[in-house]
Structure formats: structure tokens, C-alpha cells
Amino acid sequence: MTATAIDRREALAPPEPGARARFVRRFRRQRLALAALVYLVLVVLATVLAPLLATHDPLAQNLGSVLQQPGGGHVLGTDDLGRDVFSRALYAGRVSLVAAAQAVGVAVVLGVIPGLVAGYAGRKVDAVIMRLTDALMSFPPLILAIAFVGVLGPSLTNAMFVIGVIFAPRFVRLVRGTVLSIREETFVEASRSIGTPTPRVIVRHVLPNALSPLIVQVSLTAAMAMLAEASLSFLGLGVQPPDASWGSMIERGFRYTATAPWLTVFPGLLIALTVLAFNVLGDGLRDSLGREIRRGS
Amino acid sequence: MTEPLLVVEGLEVEFATDRGWVQVLDGVSFTVGRGETVGLVGESGSGKTVTSLAVLGLLPAESSRITAGSIRLDGRELVGLPRRRMEALRGDELSMIFQEPMTSLDPAFRVGDQIAEVVRRHRGGSKRAAWARAVEVLSTVGIPHAERRARSYPHEFSGGMRQRVMIAMALSCEPKLVIADEPTTALDVTIQAQVLDLLRAMRDEFGTAVVFVTHDLGVVADICDRAVVMYAGQVVERAGVDALYEHPRHPYTEALLSAMPQLTARSGRLATIPGSTPPAGAMPPGCRFHPRCGHGVDACRDTAVAEHPLAEGGTSRCLRVSDLALKGSA
Amino acid sequence: MLRYTVRRVLMMVPLLVLVSLGVFALVLMIPGDPAITIAGENATEAQIDATRERLGLNDPVLVQYAAWAGHALTGDLGSSLFSNESVTGAIAGRFPVTLALTLAAMLIALLIAVPAGVVAALRRGRWQDRGATLFASVGISLPNFWVGILLIMAFALAFPIFPAVGYTPISEGVGAWARGLVLPGITLGTAVAAEITRQLRGSLTDTLQQDFIRTARANGLSARAVVLRHGLKNAAVPVVTVIGFQVGFLLGGSVIVERVFGLPGLGDLAIRAVLQRDIPMIQGIVVVAALIVMLVNLAVDLSYGWLNPKVRQA
């Protein structure tokens, strides 16, 4: 009797106390991922501090100095309305990052909850949820996004909501997988038999175990969301003027490809580097996870 | 004086590990005569597979290296042979049968095609002729309805039958030497006996020399002429099979014999020798067996032991070889 | 194999029903009264009523769905709200352009990815591997419209080797047709190449460590035969899966690439439909895109039967 009680108490301990420390240790060894993290922090800071860093008013038109080459008074040149590209890029970065964050937030919320339900509810509910995610995943994502935006009307909020919905199945699968594998494990068996209510099991066992793969997926999804936002804005279906994102700056600059290449080169470079940083960070985080945690993803 | 078919001399192999290059084989020497069957015996981890792979030139190129020694097949040096020349020899003059019959055949190709591919590689000729040869060897190794079964995929065979297919593949070009690395370990006891019978029959039919790798001395008695006993990357005893059983000359061989299940009532479960093989890179000084040896003396702890030639032929790597009277089996 | 195929095809039916429901539901999602949206902000009451009647919006939703799905099954996806052109006809007219573009992209992707993935797996940890891995990371991170614009700057403006915009039908010469597809194909294919390289490197590396590879080597097969025959065929299943996934991505990407290079394909049609809120056209394009993805997935699943004989009997 006492023996089993002790077993159960041990079984209830939070999962793998050393896991987090090991994860941090492994991650510190990933130089590239660390560099990506530093870059992302800098970009976020730069966009947050845009009012301090901007050399010009991003919206101020100056028809006297349109399409100026980089250098001189304008680090990255000016656009077709004489607006300072550097200052615009700072503010546009804000829009791009916030948009990506919105999409990821939607994907997480719409993914985690059905994932938990699919993992915990009976086979029938699980089957329905999984078939729905299958169906959602059988649409080409960008086509679906374009269709939704077409129906709801072009706006950045609509676009990002749709992108979030489209990426939600990844989180559904991840969370469901974690729940299913954790349900098998003894410590949850034990808490169950003692009568720990399901919400506590979720908070104490499922979410902590799913956290690391979730963070990985968040990083990779942020990369995809940024690309999707840029694409939709390039098509004119995302951010609407006078607001700008990096994608819509390229859309505008595209008309001057031959005469003012800097209008497309710089914002594109920023998108590429930021997306690359999210991808590298995600890969690095995943590689830092032990096999024991990675299983969930 | 002509050399034996296979001569391995002073072979040293190192593997790259987290702690740098670690020696795994230390001065391994033995010979195999034409048509002879030699048992390579030792507990798991003693270096039998590494020795076999070295002979075939199959050690991983990046993470291992041969630092000393010579391997000669038919008088031809194999160490340092260019890759393409070695490839041409493999499957033609020497071949290997592996332990894991379930995973050692390509699941995506018909077994007949896999054998025919080897035949065409070494013998050339038409696809049809190679296929005919594949069917022929399959029926030689006792696959019923070989004509039809050649069209099957590996997963459609049982473990024992797959091992027969592997033997057929290895023998398809009638090599002079086959190394069989624990070919029966993964099989049921009754199937083990059948595969052993088959190997013996094949050896007699093709006149192939066989290196039979095993951790089971009982099997060695069944099939081998001579035995080479390995421990911790070294050869510790070489002897004819009868002499080895009756008068082992190394305490490790004695321990193996006493751990051997009775030949009459083989349970399939091995009795074990107390203690364990030291891991590569952490070899004890002196005699590598001394931490587990029941006959050790102080000198064994710090004197590296050389192989002592024995009057009756063979060698023993034991300091006390001349003053010990060891127990044989039965 | 036949039973496997039939079962697999039947499995598509519920998915198709779900997809069609989703596509149909697009109309229901229009904020406010769809009849007003469709008839236009300034339409008169009568015009709006007429529109509602024409679209069957007065019927119960299920009846509307049944009518729409019934027509769709016969290949009738309705007609454009603006040109009265049949949706099916418009899609059929644009389809060859998008097909040519996606095939070109896939071809270019494979031409890059197969050698890159093989070399990376064979030279694991060396510079070739690092290069391929870097390409894979960067390739999936580049916005494809930006790649397209850079290519135009380099190979159409600075060095005018390829046309910057426009599509030459194959009937006007295969050479001109192919030349016009090079830059769009590279633009669309880069990310796919990166994805396939990554997958092939991983799965070939795993395969080359399998026991049967050692058996093949022990019997003297050349390094080439081992990698190209036994390695690639066994490594193919996850790679083919990824290729299948990429088709959806290619269809989406073609919208953008067609915009950049001014190609009159499905993507171009989609953008027009979206900007005009031409709902039947949008529905039609989504249905066709989903159908293509499903058919590709079917082909992928059936290819498993060839690649992995075990599947055939399952």
C-alpha cells in the first residue's frame, strides 16, 4: 500500500526535471540558431524603436526627390513618391512582424484546443477532427487564402486570420500526438487513477511536454506566415495603403524594376533574412530537443 | 611454399569516437586454408565483426582506419587496395553473410533480381542468363519452387528462408571464401540447425573456405576445423577444434567452454561468464582478461601478454600457458 | 494492387464531399447580404432581388448546395458573374499555362534537388553537404516573387537572355515556349528544390545505413549502383510524399509567379476573380485546385505500391 502510494507520488512529478536544462545546454551549442535569435531580437527592437531610428517621416512625400538612389540623404534611397525607403522599411517591418504574430496566434489557438480534444475525446470525435484537418490540408494554402480574402474582402486582418486557420492543422496534429503519447505514459495513468481531473493533467503534464515542440513549430510557422503575408500583400490582398509591409513595398517597387531596383531589393532582403532567421531558429530548437521530447512533433 | 587462402597478420583497426581515435583491433592474426572452415569465436564486443568487415574492405571509410597489418587473399594484399579493385573482388572471390536476415535484403527488389544483379556484376552475360543462375542457386540452397519464389520480395519469406537467400547470393559467383557473421544467431533453434546443415553442404559442394563467426562454441564444434578465439580486440587462442575442446590453453576459452550450454540439452539460453568485456578505449593494462580471470597472478596485471606458440600447433595469449592445466568440455 | 487502388480511390469520396462543402460555404461567409455584395453596392432593390433569384439564394441552404454540387459533378461550375463566361471554360482555357509552369518548376526543382541531395548524403559533413544544407535553408526562406524580380533584373534586363514577361503558346514554337518558362520555372521551383533536397538528404542518409546496403556492397556492387539503385529506390517514399505536398505549394506559388511574369494562367484568373469578387469563379478555381491536389496525392499513394512492395498487399 505505502509502496504504491510512493510510486504514484513519484509518477506525478513534473516530467523530466533535467530536460529543460539539457535543452538550454544543447541550444547554446547551435551557433547559427543563436545568431538567428540575436538577429530577430535586433529586428524586433528596430521596429519597436522605429520612431527613434527613422531618419524621415515614413509617409512624408517629397515629389522633388523621387526615386533617389541609396546614399546621400537617404540611406536606402527614396520611392516613387519621394518617401524615405529606410524609414518606411522600419515601420513596414512592424506591420510584417505583427501580421505574422497574429497568424501564429490564430494557428496556435485554433490548433491547440482541437488537438487536446482530439487526443482526449473518444475515437469518433478524434476521427472527425482529423478528417477536417485532412480536408483543410488538401487545399493549396495560398489558393485558399486568396479565396477567403476574396470573399471576406482584402485587408491585412482578414488575410492573417485566414493564414492562421490554414496553419492550424499542424498544431492540431502536434498537440494530439503529444496527448496520445503522454496518455500512454505511466505518470498520467497514475494521476488518472488517483482521480486528477483532466484539466489538471493537461496543465501539469500535456502542456509542459508539448511546449518545446510547440515553440519549434511556432518559429517555423512564423517563417511561413511572414512569407504568406508578403505574398498576399504583394498581390494587393493584404495590407492596404497608406500602410505598408515589406511585401507591399516590393509590390510598389516592382513597377520600377528597371529604374529603381533598390525599391525591391532591400525589402526583399529583409523578408528573406527574417524568414531565414525564423527557420534557422526553429531547426536549431528542434535539434536541441532530445529524442524523448521530439517524439511529439 | 604456398600461402594459405586468407592470411591476416597483425591487424590493427581504430574507430573515431567522441574521445578521438580508439583502437578496436590489436594485432589480430590468423589464417584460413583453401576449403577450410575456421570458427571466429568470442563474446559480443570482442571484435569479430570488425575483423570480418576489415577483410571485406567494408569498414566505414570516414570513421575507421587500419593502422597496421596485412590481409592477403590468395597472396594478394587487400589493405590499401583501390576501391574499385576491392569492389570487383567482393562477391566474386570473397563474400559475406550477415546476422540480420530480416533487414539484410533490399525490401524493394525481388530476391531473384538481387541475386541476378550480383551475377551480372561479376559474370556479365544477359539478364536472362543471370536470372537463370539466380533460380539455380536458390534451388541449390533449398528454396522450394525456386522458379516462382525468385519473383517474390524479401518480406514474403520467413527468417530462415531469407538467410538461405543471402547464402545463395553470397555463393552465386562461387567465391573462394565466405565469411558468415553469426548467420544463425537471429533464428529459431530448429531453423539454426537447418541453416548450419546448409552451410556445411554448400562448403562441401563448392569447396568454399568459410570463416564462421559466432559467440557459441557449441556451433563451432559442429562445423569448424579450427577455431580462433577473440577477446577485447585480440586473438587469445588459436587451436584445432578437438584440441580446443579437450585441452583449452587459455583461461578465457575455458570460461567460454564452461559457459557453453550442454551439447545434449541446448536450451538456447547462454550461461554467461561473470564480468563483462572492457569497452574499446578503456582496456586494462597487462592481460586484458585479468579482471575476469580465475587464474590470474600479480604479473598478469601489468605485463602485456604476447601470443605464445604451442607445441601442438596454435597459440595462446596467456602468461601462465605452460603451468596451467585447464578444464575442457566433457 | 487493384484492390489497393480501388480502396484508395473510394477513400477520396468523403474528402471530396468535405471539400465541396467547404467551397460551397464560401458564399455563406460573405459578410452581410451576398446578393448585395454580388449585385454591387449601387444596385437597385430590383437588381438585388434578381441576383438573389439567379443565385438561388432564396432556397434553403441544403437545396442550394445540392444544386451546386449536382452541377459541379457534371463539370458545370456555373458562370462568371461579370462576363457570363462559363467557369469551367475559363479554367480550361487557362489551365495549360499553369500546367506548363508547374511542370517546368518541378522539372527544374528535381534537376537541382536530386544531385544536391545525393551528393549531400554521400559527402555528409563535408563542404558539399554544408552547401546543400545551406541551399535548402535559404531556398525555403526566399519570397518567390522577389526571386522572380531579381531574375528579371539579372537575366532579362541586365543580360537580356530570357523574356521578362509574357507567355508564348507552344503552338508558336517549342523553343520560344520553353525559353519563356525558364525564369518563371526557376522562380517557382527554388523553394521546391530546397524542400526536396532537404528530404532526400535525410532519407538517403538513413537508407545508406541500412543492413541491405551493406549486403549489396559485400557482394561487390559498385558504389554507384548501391546508391542509385538500392539507395534511391528505398529513400524515395518520403521524398515522393514531399513532392506530392509540393504540388499544392506550386499551385499557390503559380498565382504569384504568373503575376510577376505576366503569364495568363489560373493564378492570374484567380486574382482577377478575387478582385472582382466573382464568387462562382473563385469557387471553381478552389475546387479544381483541391481536385488536382487530391489526384496528385492519389498518384503518390499508388506510387508507394511500386516503391514498397509491402504496401501492395496491405
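As written, the chain order gives the labels A, B and C, with residue 1 at the start of each chain.
Note that in this section contacts are C-beta pairs under 8 Å (C-beta built on N, C-alpha and C of every residue); 3 or more make two chains touch, one makes a residue touch a chain.
Being a predicted model, the structure only gives us computed values, none of them experimental.
No other pair of chains shares as many C-beta contacts as A-C.
Comparing the centres of all chains, each the average of its CA atoms, the largest separation from subunit C belongs to B.
Chain geometry summary: the mean Cα position of subunit A and that of subunit B are 55 Å apart.
Separation between the centroids of subunit A and subunit C, computed from CA atoms only, is 23 Å.
Centres computed as Cα averages put subunit B at a distance of 53 Å from subunit C. For subunit A, the set of residues touching two or more other chains is empty. For subunit C, the set of residues touching two or more other chains is empty. Residues of subunit A that touch subunit C in their complex: 131-132, 134-136, 138-154, 223, 227, 230-231, 234-237, 247, 250, 254, 257-258, 261, 264-265, 268, 271-272, 275-276, 279-280, 283. The part of subunit C that touches subunit B in the complex is made up of residues 124-125, 210-212, 214-223, 225, 229-230, 233-234, 307-310. Residues 14-15, 18-19, 22, 26-27, 29-31, 137-138, 140-146, 149-150, 152-153, 157, 247-249, 251-253, 255-256, 259-260, 270-271, 273-275, 277, 279, 282-283, 285-286, 289-290, 293-294, 297 of subunit C are the ones touching subunit A in the complex.
Those residues of subunit B that touch subunit C in the complex are listed here as 56, 58, 62, 83-84, 87-92, 95-96, 98, 100, 103-109, 114, 117-118, 121-122, 153, 155, 166, 169-170.
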